[in-house]
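Labels for the chains are A, B and C, by order of writing; each one numbers its residues from 1.
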Amino acid sequence: GVLPLSRRPPAWGRAARQPPGLPLALARAFSNNKILVELDESSGVATMKFKSPPVNSLSLDFLTEFCISLEKLENNRACRGVILTSAIPKIFSSGLDITEMCGKSTEHYAEFWRAVQEMWLRVYGCNMVMIAAVNGSSPAGGCLIALSCDYRIMVDNPKFSIGLNETQLGIVAPFWFKDTFVNVVGQRIAERSLQLGALHPAPEALKLGVVDELVPEEKLQERAAAVMAQWLALPDHARQITKSMMRKTVLDRLISHREEDIQHFISFTSKESIQKSLRMYMEMLRKKSG
Amino acid sequence: GVLPLSRRPPAWGRAARQPPGLPLALARAFSNNKILVELDESSGVATMKFKSPPVNSLSLDFLTEFCISLEKLENNRACRGVILTSAIPKIFSSGLDITEMCGKSTEHYAEFWRAVQEMWLRVYGCNMVMIAAVNGSSPAGGCLIALSCDYRIMVDNPKFSIGLNETQLGIVAPFWFKDTFVNVVGQRIAERSLQLGALHPAPEALKLGVVDELVPEEKLQERAAAVMAQWLALPDHARQITKSMMRKTVLDRLISHREEDIQHFISFTSKESIQKSLRMYMEMLRKKSG
Amino acid sequence: GVLPLSRRPPAWGRAARQPPGLPLALARAFSNNKILVELDESSGVATMKFKSPPVNSLSLDFLTEFCISLEKLENNRACRGVILTSAIPKIFSSGLDITEMCGKSTEHYAEFWRAVQEMWLRVYGCNMVMIAAVNGSSPAGGCLIALSCDYRIMVDNPKFSIGLNETQLGIVAPFWFKDTFVNVVGQRIAERSLQLGALHPAPEALKLGVVDELVPEEKLQERAAAVMAQWLALPDHARQITKSMMRKTVLDRLISHREEDIQHFISFTSKESIQKSLRMYMEMLRKKSG
């Protein structure tokens, strides 16, 4: 089950080509499981639609599929930009799948956390233009995905909220979630928002800079395409080097502490007090949805 | 006269318990000298009211009492949050007591500066939720105390101002004052404000992000309590680790350069030109108040 | 043709005095070539007016004259602040002179780039108060000059724009352009603006913090003088140390990588693809103006 992906995001080295052994038909079937990928070759824009009911939680399977799908797009010269959005009403992504963090083996925790890291390294370091079209709530890991894109457009609905709400579950956002957040909203807002585990309704998220603009739901895809066109008007090479220069420090911090970060996650998650918090939280979610 | 306190703020290690040798009655008498401490055990919120006439200047005695009072609260499991405010009308704190920096011995300067460092390390690294209820003007070191809290509420009165105005006295805010300020308002605003030694009237302070909100004077304590309740709704442990992660870089910078910083303060303060500036400033204050 | 200037800006060492060998008359004649320098000894304020038609592009000659003029002002005790502005209608500066980067020798590229570095080190590290009175468009290197000042006032005309638009030419702003920009507008805005190579019309530049205020064209010089007076009200020594403390990290990053940065510029600029981009851009400019 280890992710069959190179450790460093291709953004930082030479882009890898499609691995020769993987039959395309199989790849397609696999890719169509939890994430719908549509590539418009005329515009060079792909849309990755999260479709993992009920709430697009980031399970190990989801993350694996996400990374493979993104790598395929990176290796496809026809693709220059990706729009991330949800196929499930009212939710963009609910964040990390807590069942992956509860009552599992140390090996499982390590594998899961490596996949979370891989996802972030690939999105934050992606050579392609990444736009988040946030069409529902986006807590924790869902928010991280949006924060890691180049631009965030959110549906103008105060019922949808976004934020790194880890502290509300009694857990702590890792340093690279924090670094990504600080790069978006600055230190003061990040300090408060992270400590409070705040979920910001869309209008507040705009005011704080968590998202870049709000649009009515029916205009979201159109607006995402328009913004993407604006970014794709620039020469790829110069834009990519510029992006890599801006994000290198924060990416390198995780790359050089990756194994430590996994060990830290394992020892933290294995604590009985944390397991108890997570079980209570899942119980609460179950009652809510039941 | 060396501060009988551990060098590193307890926030970063295991919390120390009440030292066994200190009789509580004495401690109380001492603590009630320049700072009124009231702990509401039902809410877990303490209020530290500065009451050192005429202007709550940060003398060596004040700083020593401040650190001991804060340490006691940290060691009291019933206390989870602290509101800092003033018992003196129109002034929160006037900042460092200039008489401690004028015409004294090298040893005195060292002791005084170590106490200033200790105060900042304890407030900025505090495990408890720290809220500044700024009910008066707050220049220089007074501003630093507010900046070091988790949240700043100021009375909505344009006659009250706040800022790091050191340059106006011909002196320079130390690097850790600067780091704290940059973490609150960002680099551009900090550059301008520090170079100009700006004292921002409350409405401007809000606009620049120096304080987080303004309220009418009669609502200040009520609002501080409400904000505190919001912060205390979070589990302490996750919030504390998050806070420590956010502030560690800046705290470590002083911790690892503490003696150098003391030597720097001594050599700067001992200069005749600086002594002259400070004497002129004190003379001006004397005429103003007389 | 190597710049007869010390490598480190005087801001960071002892101020150099007027070199004894240079006859003042000659210096004056030279200085009056592309930049008009007027010093008002009563206020201590100099104005440097760029007058290098058609668009104040930063040629090697311009940069050399700029650095010599600025160094002379630094060595003149009567001068405490400098206002940078343009004597040419509608343009502040068009940025680096592309003819210096096209079809020239490696030695020429090295000399040119060293002069660009020198200009930035001198402005960003300048002990004097530097105010940009931006009375026209200010792309790329022109924007860098403004960003390197202490304060930016721009004419309130949406036809004038400012920004680091390098990516639009297929090139990449160096890391120290980026560092300077991030220090002014923060990471999120810099990421977007740099990747898009955005030229912000004056009102947008104000909103994003690229400039500090807008004024009607006829009020620009008056307002610049008023702001300068406010900055000069502070004691030089304390203000200078404060400025140096704020900017040291970013200045040191270039100082310690200066030769690498030159080599990087040479190898990037020498690429045939980049040469082609630049020739196309020059062609476009020629058609536009013809």
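Operating definition for what follows: a residue touches a chain if its C-beta (ideal position, glycine included) is under 8 Å from a C-beta of that chain, and two chains touch if they have at least 3 such contacts.
Source: prediction; values computed, not measured.
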Ask   = Over half shared or under half: which fits the residue numbers at the contact of copies subunit A and subunit C, same or different?
value = different
Inquiry  = Please compute the angle of the rotation superposing subunit A on subunit B (C-alpha atoms), rounded to a multiple of 5 degrees.
reply    = 120
Request  = With chain centres taken as the means of their Cα atoms, state the distance from subunit A to subunit C in Å.
outcome  = 39
Key: Junction residues of subunit C, two or more chains touched   = 186
Task = Give every residue of subunit C touching subunit B within the complex, in rising order.
result = 150-151, 182-186, 209, 212, 230-231, 234-235, 237-239, 241-243, 245-247
Inquiry  = List the residues on subunit B that touch subunit C in their complex, please.
reply    = 166-173, 175, 178, 186-188, 190-192, 194-197, 273, 277
